[in-house]
């Protein structure tokens, strides 16, 4: 409590301190970020330029308008004994202050139009990546390279609940970032699987809504390798605030290496389908899968959220395995329970079902092997 | 001819008197304002610092949604209708509204509509959690079951608004005293006339779009489902065709109020009356062709983006004319700064800031970064709180002596203004920074880089809320024991409403006054 | 249009607005719980009903309070039992009755006030303005649905099929082509037999009809257009003060209206039973039924209004040469319904 009170006082004084020394700003790190990032793409820089230009126009207008206003508020007060004038009409003035703003607007509209044309030119892209919004994660498909994966929030629940100190990239970190090469025109094809999301990375100057059933287009040409972070920018349900975007921009050779590794990894996972696992292997893997994919709705203790998300203690977890498989693989239509058959690998589905059937006192003692999932998918 | 007010509760339940109905509208909107404010405080409390502390994200979403719905449909709109009820007949020299029974019906629908809306919070699955803009399919396929109650409450609110608007148009066009030509009407009457047209034009469109939602949810239609050939973006087009005029519905009457107050306290006639009328009409017209500027990121063709960008920028022209006219009214006046004037000046300054950030948002490429961030939240709170809300508060201070026959305490009134002014700037100004730095709106938790701005905002919000409790105290004590007000109330007040005694008689004009 | 008349008319207090609000509330509350399946607390229903009755009867205060407390206790005690009886349709029905009864007496009062000569020319003008702008609000309601139809046909479907800015959409809906009427939905194009959202087997438009003369909508158009003419003849007769022709022409209008409604119902039957055209038939079914359905509902309302006017004239001898706004408003409404049909006929049937 005392800590908070202290911080609060510091905070209220902070703007004053801030004005006195730029040092304070540096020390407080990102805590006082106050402006749009210039970003690392031609588009983000265009936007930043437009933004600043607009901003200064607005400041100028405000200075003039408020200047006159405050001047008359100070000079033309009754307490100074002034007599009010009686003028109340001037067509000339009205024309002037209609015309001047119009001219300013035209001056603003020209660069805005140019900027828009630049942003809309997604031609001649060298790499196409499909971005699909899910409740509440992103999926990236590298259309020409047969690589595809989901990207989930990786901030531990404990940090969100305040049980652990928050990491430097709190809520802006994922298990698998989107990786793209530097100096390459990358085209994003954006869509969604359920509700509308919006894919936004400020440093790339890209924000585009992902509309279920439609594919939007956007692009980025990043000029500096690095890690860039963003978030979903359209309310998409409960965990709208918990589906960040991380883009890792690599030099071209490293990107190729990453791509090759990714392909091998996919091969390996496919191979796992053939393999048989022990109960403990499945259970442990299942817990990880659960904590990444299921915990948002069904909660860490499997209790769910009454009235919104069903609990997993008893019920389906102690029913027949086929029913359990059906719900996880095919989802439940008309609810937020998605079809995970296309999102998780066979081994992960097998693991998570095994986990759910044996965690929180369900203790069914049975397990599901990847090949069972594979066969179930074939039959259904 | 009806006589004085009836005794007991039936006076209020069965009334056909515009003043009684106006008072009920105002008290109802104040109650809703407190409820909506409470929801906002839940939001601000959760956002006080990073991490999830107080509520579940799903409940957080219900709070942001309900805050928006309640403030827009329950607080701001009914407050303006309440002011219209009180003032329009007095300003145009009529005894009452044109259709007094329908007038009371418009009011009584509202408490039921909002009871129904609020009751969803206690239903299984919770209340609306899809934002006040309720974009499909989050509000259809993925909505909690209580969405049906939400849809029907919007329907009956719409019916109430349409009837209220029809009544206002009939009153203004048909009940003016002899000699009260259109171009002699006070600007509050003018702005309300235009607002009423907007209401009649767009509330049915809102009814249409929620009906489509209802059909998609319960009858298997495909309006917002691409699988059947529909389009989720269709929802947004129809919603914002309603939604953009709707935001002018919430600001045009405010222009009228400020245009009444500033001349009084500047002791100088309003500058450019006729250009004010034309500017209002232009804004109303433009409001119908700018809706998709709320949707720059949905992936419209570039031609659409350009059209809506240019049209939106154009709105700056008539809006600018209004601000310049107010400044010119003050210029070379003899100003005093009683509470209504403070709120009116607060309006002009802060609304202009909101207008300028609006101009920035109009620039489509820049909007790609601003859209759906706290920059937008800052923008529309700057036009709605010191805009619509301040004008309503100013109107209450300005006309309360006429309504109640009693004067409020100037010291308390000024305290209210300064606390509210500081509170709201603390709350909403930092949101510009948080938004530009990259904070999306409608999130319950955030990265530390937004932490300081959010903490300041939350402190400001509670301060602002405190100021409104003071407002309640001031109103109640004024009505009960304020000192007697004169008939004229203000030194330089102009208009028919100041020619009658304070408090205004139950039926202001039983024979029409002569207007020269 | 400032008036120069003497005193204004301000009605006495009225219970109607509150009663109508309660009726409306109970109706939509019932409808909501019916559709959503959420069982609402019986208390909401009984408290509304109680206020309605108390307002209506205005018993002495002590009786009201006592009855209120007893009712509250009873309902609270029997809450569970009651909530299984008080299903949505029942609440909806009771609310509808409350609402209809209130509106009925509202109109009766307005009519008797007019007959008693209480209505000043100014008030009558207010009614004229009121009706005019009410019709305008109805126009805007239909505009939303016509707008949706226009948007889907000219923008959304071509985009889904890969035209213009929708160039990538075939990735999601391979093989989908934009045609109107939309027989094959994007879902069908992409998933074939597994599709969940299917188009109609047959559409209602002219392009799919055998010939104009065996095509129902054509006859319906003729019927509705002639009803607009007959109602106009009725009006002319009334303006000349000729009671009998007025009754006959108005009666004829009602007959035409009923025939129209019957044919419309038959068309729906055919659509559902023979053509596989339902509300669920993709966007074609959605727009078709919403536009024709809301139009039909307005025709039904207009027919009821016409019928009431006819009965008032035949049974009570209402309406005078120079004082018949009730009828005139109804005829405006009827012409409005007719105009909507013409647009609908073109947009949904001819070019549909």
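Per-chain numbering from 1; labels A, B and C assigned in written order.
Operating definition for what follows: contacts are C-beta pairs under 8 Å (C-beta built on N, C-alpha and C of every residue); 3 or more make two chains touch, one makes a residue touch a chain.
Note that the structure is predicted; figures quoted are calculated from it, not measured.
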Q) For chain C, which other chain has the most distant CA centre? A) A
Q.
Per-chain Cα mean versus the mean over all protein Cα atoms: which chain has them closest together?
A. B
Q) In angstrom, rounded to a whole number, how far apart do the mean CA points of chain A and chain C lie? A) 44
Q: Let me have the rounded angstrom distance from the C-alpha centre of chain B over to the C-alpha centre of chain C, please.
A: 30
Q.
Could you work out how far the Cα centre of chain A sits from that of chain B, in whole Å?
A. 32
(Q) Multi-chain contacts only, two chains or more: what residues does chain B have there? (A) 124, 225-227, 231, 233, 299
(Q) Two or more other chains touching the same residue: where does that happen in chain A? (A) 213-214, 217
Q: Would you pick out the residues of chain C that each touch at least 2 other chains?
A: 159-160, 165, 172-173, 186
Q. Which residues, counting only chain B, touch chain C once they are in their complex?
A. 1-2, 6, 10-11, 13-17, 94-96, 98-105, 107-109, 112-113, 115-116, 119, 123-124, 145-149, 151-153, 155-156, 159, 162, 165-167, 169-171, 173-181, 200-205, 207-209, 211-212, 214-215, 217-223, 225-231, 233-234, 237-238, 241, 299-301, 507, 510-512
Q | In the complex with chain B, residue positions of chain C that touch it | A | 1-4, 6-18, 20-22, 24-25, 28-29, 31-33, 35-38, 44, 55, 58, 106, 122-123, 125-127, 129-130, 133-134, 136-145, 147-148, 151-152, 155-157, 159-160, 164-165, 172-173, 182, 185-187, 195-197, 199, 279-280, 282-286, 289-290
Q. Can you list the residues on chain C that touch chain A in the complex?
A. 159-160, 165-169, 171-173, 186
Q.
List the residues on chain B that touch chain A in their complex, please.
A. 49-53, 56-58, 61, 124-126, 129-131, 135, 137-138, 141-142, 144, 225-227, 231-233, 266-275, 297-299, 302, 305-306, 309-310, 313-314, 316-317, 320-321, 323-324, 327-337, 345, 348-349, 352-353, 356-357, 359-360, 363-366, 368-369, 371-373, 433, 436-438, 440-453, 455-456, 459
**Q.** Contacting residues of chain A [partner chain C, same complex]
**A.** 130, 189, 191, 213-215, 217
